[in-house]
Amino acid sequence: MIFAPSPFLLKDVSVSQVMTQVCVALIPGIAAYAWLVGPAILVQLVIATFAALFAEAAMLKLRGKPLALFLSDGSAIVTAWLIALTFPPLAPWWMVFTGTIFAIVFAKHLYGGLGQNPFNPAMVAFAVCIVSFPALMSQWPAVGLELRLVDQIDIIFGLAPRVDALTSATPLDAMKTALRMGDGNFDIAQLLANQDIYGNFAGRGWEWVAAGYLIGGLWLWHRRVISWQVPVAFIGSLTLISGALWLYNPAAFANPIFHLFSGGTLLGAFFIATDPVSGCTTPRGKLIFGAGAGLLAYIIRVFGGFPDGVAFAVLLMNLSAPVIDLLTQPAIFGMKGKK
Amino acid sequence: MITRHELTNIARNGLWKQNSSLVQLLGLCPLLAVTTNAVNGIMLSLATIIVMAVANIAVASLRNLIPHEIRIPVFILIVAALVTVVDLMFNANLHELYVVLGIFIPLIVTNCIVLARVEAFAAKNPPLHSTLDGIFMGLGMLWTLALLGGMRELLGAGTLFGGIDMVFPSLQPIQLLPESYPGFLLGLLPPGAFILLGCMIAWKNWMDARAAARARDKGNAPAAPAPATAA
Amino acid sequence: MLNLFKFWGGIKPPSHKTESNQHPIGVAPLPSHLIVPLHQSIGGTPKPVVQAGDKVLKGQLIGEADGWISAAVHAPTSGTVREVAMHVRPHPSGLDSLCVVIDPDGRDEWIARTPLDLATTAPADVFAHLQRSGVVGLGGAGFPAHGKLTPAPNVPMDELIINGAECEPYITCDDLLMRERADEIIRGIALFRDLLQPKKVLIGIEDNKPEAVAAMTAAVAARGENFAVVAVPTRYPAGGAKQLIRVLTGKEVPGSMRSTAEMGVQVFNVATAYTAWRAVAHGEPVISRVVTLTGNVAEPRNYEVLIGTPMDELLKLARPHPDTNGILMGGPMMGFLVPNRQVPVVKTTNCLIAHSERLFPPKAPEMPCIRCGACATVCPHELQPFEMYWYARAKNFGKTQEYDIFDCIECGCCSYVCPSRIPLVQYFRFAKSEIWAREREKKAAEEAKARFEFKQFRDEREKAEKAEKLAKAAAAQAAKKAAEAAAAAAAPAGDAPATVAATDAPAPASAADADKAAKMATIQAAMERAKAQREAAQPKNIEALKPDQQRELAEIEARRQAAGIADAPASATQETKAE
Amino acid sequence: MDILTAIAIMALGAVVLGAALGFAAIKFKVEGDPLVEKIEAILPQTQCGQCGFPGCKPYAEAIAKGDVDINLCPPGGMEGVQRLADLLGREVKPLEAEEKPKQVAIIDENTCIGCTLCIQACPVDAIVGAAKQMHTIIAGQCTGCELCLPPCPVECIRMETIGETLDNWKWKYPVVGIKAVPLKDAA
Amino acid sequence: MSHYLFILVGAVLVNNVVLVKMLGLCPFMGVSKKLETAYGMGAATTFVLTLATGASYIIDQYLLLPFGLEYLRALSFIVTIAAIVQLTEMVIAKTSPTLQQTLGIYLPLITTNCAVLGVPLLNIAGGHNFVESLLFGAGSAVGFSLVLILFAGIRERVECADVPVYFRGSAIAMVTAGLMALAFMGFAGLDKYQ
Amino acid sequence: MSSAPKEFAAPAMAARTAATLFVFVVIFTGLLSTVYKWTRPVIEATAREERLRLLNEVLPAAEYDNDPVAEARTLPPTAELGLKEPSTFYPARRAGQPAAVIFEASAPDGYAGRIRLLIAIRADGTVAGVRVTQHKETPGLGDYIEPKKDRNKTRPWITQFNGLALATTEDKAWRVIKDGGRIDYYAGATISPRAIARAVHKAARWYDAHRQQLFSPDGGKP
């Protein structure tokens, strides 16, 4: 006789399906990125994927877990892609590699691997690299930089020198630098009007990459891979605070549209803050998680020491998630209004 | 006075089995805060060793005179006085290092390991044993701080014994990794300190487990101690 | 019409009902033998009242209810009792329990049936009749019906709900029963109504059974009752008692509440109502039920089946395909694979599904939970299954309880949707039974402690009493000795006193050595006496025995007497009474 | 001069603090130790003395004092050690002795001579009987401590492992194919 | 006013005692296995630390500085703190059994919490006045409690994770603390406006 | 446990404890004070040496022959130097003649807050040297402003200011190259050098305006 516990009927879903959908949803954003900013991102995606699978396989082997089963679950690939998408596209290969390895080994497998990591591995990689190699992590390709793919690959692999002219500050960084000039005689609105850097509303080219993430994210929500709470709360709180400060002083603070479409906001709202493993799980908890992440991201990117705050905001919310979840447990059947 | 067995016991406990940094998880603040290089770690450990050894002598000799209710304030008083002496000495003779180590010299007072040893060992044992216990506990701390500091600076900057010139002005740090090493700064930052210490603890667990497995293979040991169920 | 409510979560698995509901209920032929487990309902195990070799008639009592929460068991057909022995029961444990095995004589001869005249019978007697007829809940749990029919003392009964939802895939027995025997069901409901006196009677049927709804509505109208037949949205587990209550009344019965009656609602399955009516109006005890045979079979259909029919014999009626590799009792969501194919049909067997890999492919390997939350969105009890799983997996049972694991009804919705293929329900069952075991242990430890402390207290007291006695004796002794010494002074070397009974009374300095031997002897005698006394008073610890333990003791003692081992005239229990 | 000021100021502080402490030590004295009760609640109350103490309570007291290890009670098993470690914040240690399956004592009906010696030995009054009668062990109350075995002059008591019945049957831990090491037990 | 707010928020988040200043790590590691105990330890530390900063300020200003006895700071502070802790403990034990249940066992541990001595010393190094000292003390204490509680929350979960054997227990806790410190680096630079 | 026998009443106990603590405190404070008394001269000497060494880093010892530490004066808070609190100011003379001044300044707009500087300006207005005494710039990125952390050991970044003078250097040149000036910087970290350049420039102008007062013997009360 066979033994199997009930239920005997199961829905046709699996972890690798979920992860594949996330990857598919990233494609519009990646396409816009490769098209508008440069195909180097594709190289970085390959490097990161390779590093992630390598680290995953090594750790699984060390821990005596079945390789094929877990390598095919696709979670390492999601992590890798998110790392590649958050790093500067011309970052040296070894930095992407190190970051990915660190993410998979320290942030994921030391906690038991898939599903058990309290911190978002991709964001750990980003944070580790930005504190370790701040110079390299803040070199973004100069606007309108036209480089052949071969040249870009040469730069990534250190075969061609990194020329300063290749890089420029990202819109967010430029804005902060302007703020930091301290003369007080600058006007964000004027700055933003500079279409060379800022495009139509939030950084030339980048705004459409962000729009690509938005499309992918909405599709993910439509497929119910993510729930609405985190993105809505994230975007909502970011819009609220940036809107309030912008209304208060439009010369010193950028408008909400700029904040929504620049940096990692939309990637973060739909793909990063929604990581089910390291985020909150209760409905109210998700709202708090998203809102907290949005708020912190704004504070850090505008007032703090880093060009963009999404990564740190997500990590900070990750570390609060267990307690938030505990405090927002929904009332169970029959216990509403009691307890 | 002291048997060989007791001596090896005290030494083993201090250096490995009850290592303050890896097992008891005491004295963590200096362990993590000052170990941006090996020299800082070693010098602070030396200061701690002195304090611990002398405090242990003092408490062990005075233990019968100290009333129970105020034993903690008195122990602390003794430790604090010793620490201040050390602090003054550092200030006078190793001023640069004194500045680098900052408040972590006076904080030896609250270093749990000092008080823990005083309470747990010196208050119950004769002076000679207590002194040795203090010294070995301190040596246990010393090697962990030195190792952690060394790893951190190597990872973070590619050098070893940075800051040695503060102790011996004639010596220079060793550049171990090539100049082009980009410096994995995480090593020098607080997160790196925590993570590396975590790895050291895991390493110790692994060593213990391996030793236990060997002993078991020889067939003369009782059940192996469980690795890392501590904490 | 009626305002319906929604319950949280739930799923819509493929229903697979049309396979088996196309044909009317068939009658299963007499099987070669019948294995009737005595324990078929919640509560005490009925005591067998037949022995191997007895001739029994159809409907004859073979197991007598043991206590109030228990229901009788009857012979499903006439024949000979082959044995009363341990047989595997249809239970996931695969463990044995006491069963009566009957060889049918083929005559299927009824015992005399006595219908109950409801007009003249007091409710208490109706309950007794139901219990004697073995009427238990046929919806799944098998709780004796009379227990649920006894009105709660303080809470007025608002609604009586009749559960015709039949939400699990594959199962159609209630559907067919409602289509074909609606009138008798309605009469049964009316009986329940009379006993419980509810303000309203609601009959909930999932809206994927329009024929059943129509039949029931017609039957209600025909009888002129004011029962409401309500089609509820099809969503598993709408048939769960608490979900159905929620849908029909909006009330949420908390998991911690032992009985829904505390909220003024009571739920019965349609088949329960039907069997109750048969028992009252025709005097027929529960000896058969409708069972759906479906799954990997050529001719799925419902049959009226005798309780005790071995499953493999029964399943043959539906002609299982050759790749069938197991029998599933119940639905695919909550049922279980029976431990072997020879286990019998019992009162709670509503459906047998022939299991095959084609129908139910082996599960993909379990992955770790990715906390996607899908399980929480379908859990009808609004629990956090992944948290319960997280802690159950690590055997941190305290935490599972903090997440209300005991509110889980094991409906399986969470497992159904889990992308990681985690057998969540299995983890919850595991955790629950571990917690129960732990509770049992804790209770045992507490009792042991109490008994230990009592024993210590008793020992102390005895010691104290003895010491006191000794002290008194010693004092008396001393006084006597003093007197004697005085006497001895007068009359030297007198005879030894005959009444010395103390062990350590100080020997007076004046006592002569010659006395010693004699004195030792008397001391010895006194000790013997004391010991005898103590022995007589020894078995104090049988004071607190429960009656059944005393009975058991008496039985053992009787056995011993019979075997001629014991020579003591009195049994322990008698002595207890004497005390 | 400096030294004297320093001493004077510190001495002032010392006297104030010392007085306050001494005063408080008497005024706010409390007795009793709730810890012992908590520990005792974890011990299985088998009262078998395998821990080297005459019963569970003395062992609990010794643990509370910090005199002994927490891994001495075999009936409590590894789980008991785990819970004690949790309560006391101590390290989990493997049990000193082997963990045994749960057992109950059974008296052979035909051999028992009714000497009452086992009754006196049983710490939890699980044996009933009168002098010169067959004695019986109430299985539900027997903790399996084996203390009744040695005193029996005719060796009619034996221990029997409690089998699985429908009353104590437990659902098993789900069989998980992918886990190399089961969770807690590996540690 | 905003200056005070900056001191408070800065002490809680930007210059968190535990994760940035690296003080009070032993209780942070030791008393974070369970949320329940973390709450207790947090409350006890908040109480003592705030009191200690106040007391140290007074001692420093009115007893040590006037006589040029700065070198006695560590000594006098810690002895005072130890005495305060012991007094509090005794008073609580007698007057409030419930408080004793929650705080009692943690109080003695506080004497060896570096933060209790470190924060007053940092106060002096930072040239804070009385109000600033108190705010800095309270902020540090709240920061300590905050990260302690969050850490305990994570640890309770990680406790049940399938962590590689050698990393179970304190090793993975250290790694977790490291990642927390990494996250807290996100606050870096937020205090430059003060 | 208790070694305190029951007979003690609270006040008696208080006295007893106080006395014991008193004895211990007296002993250890005495010990400590003695050590302090003994080490104080050394400590003071070291501190002085330290100060001097720092001063010599910005102003070569050969350029003066007085004891600037002894002549040090306190400056009131000076906005031009970015200082909100009083600071110290060291006049250096050579053969009695004003040779240079060494003073503290602060660049408020560093990447991570204030950068504290020690600046030496010769009597003729040329910058003799600049040192960062305190900063919180990003390790590995902005910290090359500190010669110890600068990868270029032969000619650390901060030495670029040596020799600049208001008189000979046009205002524009006091900026980083990126902003059109002369001061070099490391790519990706322009904020810290920019802040320092601005602070040094301001300090030079402040010195220029107060040159007279600074060397007047009655003290630097500009």
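A, B, C, D, E and F are the chain letters, set down in written order, and residue numbers restart from 1 in every chain.
Simple rule for what comes next: contacts are C-beta pairs under 8 Å (C-beta built on N, C-alpha and C of every residue); 3 or more make two chains touch, one makes a residue touch a chain.
Bear in mind that the values here come from a model prediction, so they are computed numbers and not experimental data.
A.B. asks: Using the touch definition from the top, list the chains contacting both chain C and chain E.
C.D. replies: Both chain C and chain E are touched by A, D, going by the contact rule given at the top.
A.B. asks: Report which interface contains more C-beta contacts, comparing D-E against C-D.
C.D. replies: C-D
A.B. asks: With chain centres defined as mean CA positions, report which chain is farthest from chain C.
C.D. replies: Looking at centroid distances, F is the chain farthest away.
A.B. asks: Of the chains shown, whose Cα mean is nearest the mean of all protein Cα atoms?
C.D. replies: Closest chain centre to the overall C-alpha centroid: E.
A.B. asks: What is the chain whose Cα centre is as far as it gets from that of chain D?
C.D. replies: F
A.B. asks: Distance from the CA centroid of chain A to that of chain F, rounded to the nearest Å?
C.D. replies: Between these chains, centre-to-centre, one finds 42 Å.
A.B. asks: With chain centres taken as the means of their Cα atoms, state the distance from chain B to chain F in Å.
C.D. replies: Centre-to-centre distance between chain B and chain F: 33 Å.
A.B. asks: What's the distance between the Cα centroids of chain A and chain B, rounded to whole Å?
C.D. replies: Result: the chain centres lie 40 Å from each other.
A.B. asks: Just curious, how far off is chain E from chain B if you go by their C-alpha centres, in Å?
C.D. replies: Centre-to-centre distance between chain B and chain E: 22 Å.
A.B. asks: Specify, in ascending order, the residues of chain F that touch 2 or more different other chains.
C.D. replies: Residues 4, 13, 16-17, 20-21, 24-25, 28-29, 32, 36, 111-112, 140 of chain F touch two or more partner chains.
A.B. asks: Which chain D residues sit where two or more other chains touch them?
C.D. replies: As it turns out, chain D has residues touching two or more other chains at 2, 6, 10, 13-14, 17-18, 20-22, 25, 27, 174, 178, 181, 183, 187.
A.B. asks: Counting only residues that touch at least two other chains, what does the list for chain E look like?
C.D. replies: Residues 30, 33, 71-72, 75, 79, 83, 86, 156-157, 160-162, 164-165, 167-168, 172, 175, 179, 182, 185, 188-189 of chain E touch two or more partner chains.
A.B. asks: Report the residues of chain F in contact with chain E in the complex, numbered from low to high.
C.D. replies: 25, 28-29, 32, 36, 110-114, 136
A.B. asks: Which bits of chain F are touching chain B when the two form their complex?
C.D. replies: 1-4, 13, 16-17, 20-21, 24-25, 28-29, 31-32, 35-36, 39, 42-43, 46-47, 49-50, 139-140, 151
A.B. asks: Can you tell me which positions in chain F touch chain D when the two form their complex?
C.D. replies: Touch residues, chain F against chain D: 4, 8-11, 13-22, 24-26, 29-30, 32-34, 36-37.
A.B. asks: Spell out the residues on chain B that touch chain E in their complex, using ranges where they run on.
C.D. replies: Of all residues in chain B, those touching chain E are 25-29, 31-33, 72-73, 76-77, 80-81, 83-84, 87-88, 103, 106-107, 109-112, 115-116, 186, 189-195, 197-199, 201-203, 205-206, 209, 227-231.
A.B. asks: Which residues of chain D touch chain E once you look at their complex with the stated criterion?
C.D. replies: 2, 5-6, 9-10, 13-14, 17, 20-21, 24-25, 27-30, 34, 86, 89, 179, 181, 183, 186-187
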